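We call the chains A, B, C and D, going by the order they appear; numbering starts again at 1 in every chain.
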Amino acid sequence: MTQPGRPRLRVPEPPARPGQSPRFDHIPMSPAGAVGCPPIDVDPADTKPFAYQLIRILDDAGKAVGPWADYLGNVDADVLRRGLRDMMKTRFLDKRMLLAHRQGKTTNYAASTGEEAITCGFQRMLSPGDMNFPTYRQQGLLVASGYPLEKFMGLQFGNDLDPVEGKNLPPMISARDYGYFTISGNLATQYVQSVGWAMASAISGDDKVAAGWIGDGAAAEGDFHSALLYASVYRPPAVLNLINNQWAISSFVGIAGGHVPLACRAHGYGLASIRVDGNDFLAVMAAAKWAIARARQGHGAILIEWVTYRAAAHSTSDDPTVYRPKEEAAAWPLGDPIERLKQHLVAIGEWSDERHAQAQGEVEEEILGLQKLAESHGTMIGGGSAPLSAIFEKVYKDMPEHIRRQRQKAGI
Amino acid sequence: MARMTMIEAIRDAMDVKMTQDKRVVVFGEDVGYFGGVFRCTQGLQAKHGKERCFDAPINEGGIVGAAIGMATYGLRPCVEIQFADYVFPAYDQITQEAARMRFRSNGDFTCPLVIRMPTGGGIFGGQCHSQSPEACFTHVAGLKVVIPSNPYDAKGLLISAIEDDDPVIFLEPKRLYNGPFDGHHERKIVPWSQHEFGEVPEGHYNVPLGKAVVRRPGADVTVLAYGTMVHVALAAAQETGIDAEVIDIRTLLPLDLETIEASVAKTGRCVIVHEATQTSGFGAELMAVVQEACFYHLEAPMIRVAGYDAPYPYAQEWAYFPGPDRVGRALREVMEG
Amino acid sequence: MNQRSCKALVIGAGPGGYVAAIRAGQLGLDTIVVEAERPGGTCLNIGCIPSKALIHAAEEFESAKHRAETNALGISASAPTIDLARTIAWKDGIVQRLTGGVSGLLRKAKVTTIHGTAKFRDGRTVEVTTAEGVEIIKPEHTIIATGSAAVELPFLPFGGKVMSSTEALALTEVPKSLVVVGGGYIGLELGTAFAKFGAQVTIVEAAGKILPQYDSELTRPVAARLAHLGVEVMTGTKAKGLSPDGAGLVVTQADGTELTLPADKILVTVGRRPRADGLGLEAMGVTMERGAIRIDERCRTSMRGLYAIGDVTGEPMLAHRAMAQGEMVADIIAGENRVWDKIAIPAVCFTDPEIVSVGLSPDEAKAAGHDVVFGHFPFQANGRAMSVEREDGFVRIVARKSDHLVLGVQAVGAGVSELSSGFALALEMGARLEDIAGTIHTHPTRGEVVQEAALKALGRALHI
Amino acid sequence: MGEFRIRMPDVGEGIAEAELVEWHVAPGDMVREDQIIAAVMTDKATVEIPSTRTGKVVALGGEVGKAIAIGSELIRLEVEGEGNIGAEEPPPAARAEAPKPVPEAPKPAAAPAPAPVSHVAAPAAPAVAAIASPIAPRAEGEKPIASPAVRDRARKAGIDLRRVAGSGPAGRITHDDLDRALSAPDGGVSSARPGLRAAATVKEIKVVGLRRKIAEKMAISRSRIPHITYMEEIDVTDVERLRAKLNAGKREDQPKLTFLPFLVRAMVIAIRDEPVVNALYDDAAGVVRQYGGVHVGIAAQTPTGLVVPVVKHAEARDLWGCAAEINRLAAAAKSGAATREELTGSTITITSLGPLGGLAHTPIINHPEVAIFGVNKMQMRPMWDGEKFVPRMMMNTSSSFDHRIVDGWNAATFVQRVKALLEEPAMIFMEA
């Protein structure tokens, strides 16, 4: 009992520090199939309970159970196999890019190990013309959209394959035709922009959906508030995704006000929100299908809290063992997204260990082939080969006189 | 030819573009039903519908952030920040996002956006309704910064800004909204209807961005000014009898280098006038540009007449506001050199 | 895509380009030269050298015809014939030897030659397209020496019977009738040659006189000789286009009336334009001036590290100017402190008789505000001229009245082109009339006339 | 076979070095591409480094615990095909593609070209360097006449030919003209009569202690230059009579003498006693530069306004030389043909309103000079010669001095010396 009557500053601490054993009991969980599936035009106030539960379909045996499974319906096995392959490709791409960083071939990268189901599952539910507003950790959306990865690596290696000609920090690529908005390193700015984009869709009489993406850390930014405010006031077709992977570099979610489930934040704005197991591929597809349909049919915006765990380091210049237990990732109660989907596919007789090993080999061969091609155009070890004149081009639509003079003096 | 105040000219510009181009949308605080605290958007919602002219929550970061999303979608938003003094919560979105959208995506996404804001002093607005923040934007590559000094230019420049494919910061000197002002606050206000530049053609016309204009040709000294200071400079030239060539810069970024350099090369002397505070003001950039191009033509050191380096005061308005006497003294001083 | 860097990249191996490359190589700079056609450029392949060879052949043929008639020398010979194809072959032999020589000199100076066309990707990256593919060169300095090309009249495009000087220098038989559009030096040089080969030649010039850059005192002997050769000169006449049946050339005369001139061949020589297109210069924002690349007194363009020399920088389009610029720019790149400060550039026109002009003519000198004296001495009074049956023409010297500084020397006459370098040396050395008058000139030569002209300007001529 | 060097990559965004924590391979081991070869620690993280080539370990870059600088050799492998040791591959961070600087500056050996005479009256020469050459250069636009060889040599030596007098015909500059210019720092003075040598010395006096105190005190009292004006009358009867006689007997090629040449010569001699007045005061740098050369500015009224043509090195010109130069400059100034060099570079100024001279006036010093000699009108006045009033031709003079530098005593001595010389014109020739 603290001394009554004396205010003390409360500084939240994570459940476990290095050397302690991992604990996750502070995270509200639900058994698979336990959470109901409301109609897509449900009144936002009625979605309040979902913020304290967790939508899950795959049970511990890998079987699909519960009302959300029924809502999803049976999914063609090829779609699931495609999802599994996309997740494996994303994970191996991350591994290769981290290795390339250690070799000096690239200078910056952020892996999304453990979170692949959210992006690879969500992308399956989007339609052509929809637009993702990603952060630097949603490369799974790009892999799942079929984007030519040698161009992605071109930006990493700073060579002439790079579609943005060396102008942005890797991995912040831009791919409008693949529904992948140009990434900004300034946190949360894209979140309110996604709502504006959705408003434009509504104003133009289209039914295109905007999918905003943000991490639990950046959800503390002012732009997060602006996004939810505009989403609730103007009810545009926007799905606001909040990936709660427990860590923002070295700050656990409690520092961002995560002692209350993040999905609750929608309640203050009268926005609908649901909370979903991010490592359950089927739950991801179901929740995405539900939210995108709600938005596309004009029932207003939705906030989805995807609960998962950042298994990798924040980026190439971070070592998590300094601030959290080494084995915390392995102890994550909701398991690994690839393993759980593999287990489910095997359970329904659509997959096997041999086919999995075969697929892993094919994925690695494909990524290594693309990396060799990309590296043949040069890497950052030589200082990169992006054209120097790109510095002066596309600052404005037409190059003004003062920039032309600066270029003449530079001689490039 | 119709006669308009600057407010009516600005409203007319938005009305013409909203009628011509369905992609043009207008939103901001109190701009919808009410028509704007300075009445700049009066009647637009009634004419063009709630989906293209609507009020926004008091959240400038959201106004500009949402507008950027719309611009990348393909619309051409023209949003209002109620006072230039309130633009800073949106400074992150303007400088880190709008200004860089085309460059960082290498042309994949562009941001054809206009952000209008009433600017400048002379109305006893104190420190929160009188600031001139142009230098905060002219330092950002990728933005265009425009400031009209009369209704004719206001309409032509705003139409060009809405049609421009790059983000444009459109500063409107609120002191000039209803009539020209040359700093003589003791005199009766002359409405735009009795001024040559109050004549504003109906319908669509452009005043090009990136072009300055010589308001008053002269041989002895070049005065670089913009916004309200153009009228103050004209008054100072007239009262001192000095044959000053007064240039209204209109577009601060990108700057019309040819017109400025040609004038100073001719006169050999230069006075720069702006309301904003002097240190690191846009006048410093103008001085650098003139020095680089016209050093061997200069007969005397250049002089800046600008706001004192202090937050904009309230009661001491007329001691602070750069008036014709201060500009006149500068003209005499530069002639002596 | 292989890529290499170098200290100096030269684009174009014409007189300016190959001289710059050789000099850079001699200075130990890692140099690459890119040439789309053959080394030697316009001058060696389709310009100065081949045209002079043809002019010489025509001279010999005309002289032989003269020998077949009764002549003052009492020589008799049968009427000559000419097999133009063999003349052209002989000419091509000379061209081959010279272009081979240039390649040898480049190799000797350890310059890498690439056969291909160059285009700027940016100020420091040049894409060279060769037969084997595309190569990237990253030069520290680049010299653009792409020369000039014949101007084509839109209503008279090259092709078929309409030809430029290039095709004219490859004709294998003498056309019966030849119409030359353009009374400039190229048109008159070739027109005179073909007249001597026996073609019926007509010169069509829009302006009021032929050879506009020389004053009429200098061009009068040429006009006389043309008349003597049966060449018809139509000034104030504009070419309109081929006649409907394509047989002749329709022209509008000074008084507005139209006329169709029969023409087996039509030679269009209305001028040459700088060849600056296709390099990607506009995209880089390099400052141009009336189609030519603008340069300063060190041949630097508006972009740092980028130089331009020769015809591509505009008038005067002369091979020896390009060579002097090339040599200077190579020194500058090697770090020398050099600047273009030549007093005069000699210009020669190989008509019959030849014309030479160095420095200012009397009118130009007066226009430039000088008080001048000048001396004019005709070849009629020169023993040597008489002894070689060519007494037409004169030498004229222009000097400043105050201190007799020589401002310009012009001459017209057979073989005067060989005097041009002497005139240039005089101006460059800052000679005065007294210097020339005080120098013993060999007798009997045409050159004596120069001394006499100087004496005349001093008011103390001897032989007149 | 070739040797391949793997450099320590920058794994920490701009760190300088990383500490070797663990080797995963040893010399002689075979290493496959991408196989982990070592672990290193930065201030933020421990990082495993994979190999970029397959090969046999030849040498390790350092022992465990040693700090390895970014870009230096981490490991050396023996590989098939060619390695990268020969090509001396620079560390990844160092080699930027930025273009190398173009060799702008001329070869250091060449002496810096003389600084163009700055707009302000004072020659912009730094403290001790050669003062602008005395010879009035040719008209601005005219090119100096010299052979290509001479022009090239001059440019390499940093000599502006417009400053070198040409002894050849039509003023052509010969090789030995150039040699003379190269040897004498300020260029030979060809028009000086033998015996009268140009003084090129510059004596530098630091304004410190008392002098600095006075300068600061004076500056407060008056903006920039505290003027002290000293008036005196001079009996010019004798000098006028001499002038008339000389004009009557002069040769055709000698210039017409006005009063000014006499005054200039008198001032040159007086300056020898009071050098302080023939100086320029750079108050910002706190330095007074006293000049050996006497460059006299003659303030002359022209249609376009007041101009000050400058007679350079008056001390090296005799009476006729001064007269010729004054007439030439006056004509050039009136016709507007005077060049910028001819209108700048004065170290002391004469201002004369001639017949309009008035009784007296307070002339303003031609900043940054420290003295100005004002001449008022000549007038026949009755003067007491001790016994009776006799008519004498009298002329008042009003001269101002910069009191920060020139004390009243020096000013008075200077004017009295000029007065004495003008009143005994023979003395001007005796003491020349």
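Keep in mind that, in the parts below, a residue touches a chain if its C-beta (ideal position, glycine included) is under 8 Å from a C-beta of that chain, and two chains touch if they have at least 3 such contacts.
Keep in mind that this is a model prediction, so the values were computed, not measured.
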By count of C-beta pairs in contact, the leading pair of chains: A-B
Core chain by centroid distance, with centroids computed from Cα atoms only: B
Whole-Å gap separating chain B and chain C, where each centre is the average of the chain's CA atoms: 58
Chain A and chain B, separation of their C-alpha mean positions in angstrom: 42
Chain C and chain D, separation of their C-alpha mean positions in angstrom: 47
Chain A and chain D, separation of their C-alpha mean positions in angstrom: 68
Residue list for chain A, restricted to those that touch at least two other chains: 388, 410-412
In chain B, residues with contacts to at least two other chains: none
Where chain D touches two or more other chains, by residue: 97, 99, 102
Pairs of chains in contact (touch as defined earlier), listed by label: A-B, A-C, A-D, C-D
Residues on chain D engaged by chain A in the complex (per definition of touch): 7, 9-13, 34, 44-52, 92, 95-99, 102
Residues of chain D touching chain C in the complex: 97, 99-100, 102-103, 106-107, 110, 143, 145-148, 151-152, 155-156, 168-172
Residues of chain A touching chain D in the complex: 99, 101-105, 107-108, 313, 316-319, 321-322, 380-385, 388, 410-412
Footprint of chain A on chain C - complex, ascending: 121-125, 284-287, 302-306
Interface residues, chain C side, partner chain D - complex: 123-124, 140-141, 304-305, 333, 335-339, 341, 343, 400, 403-405, 428-430, 432, 434-435
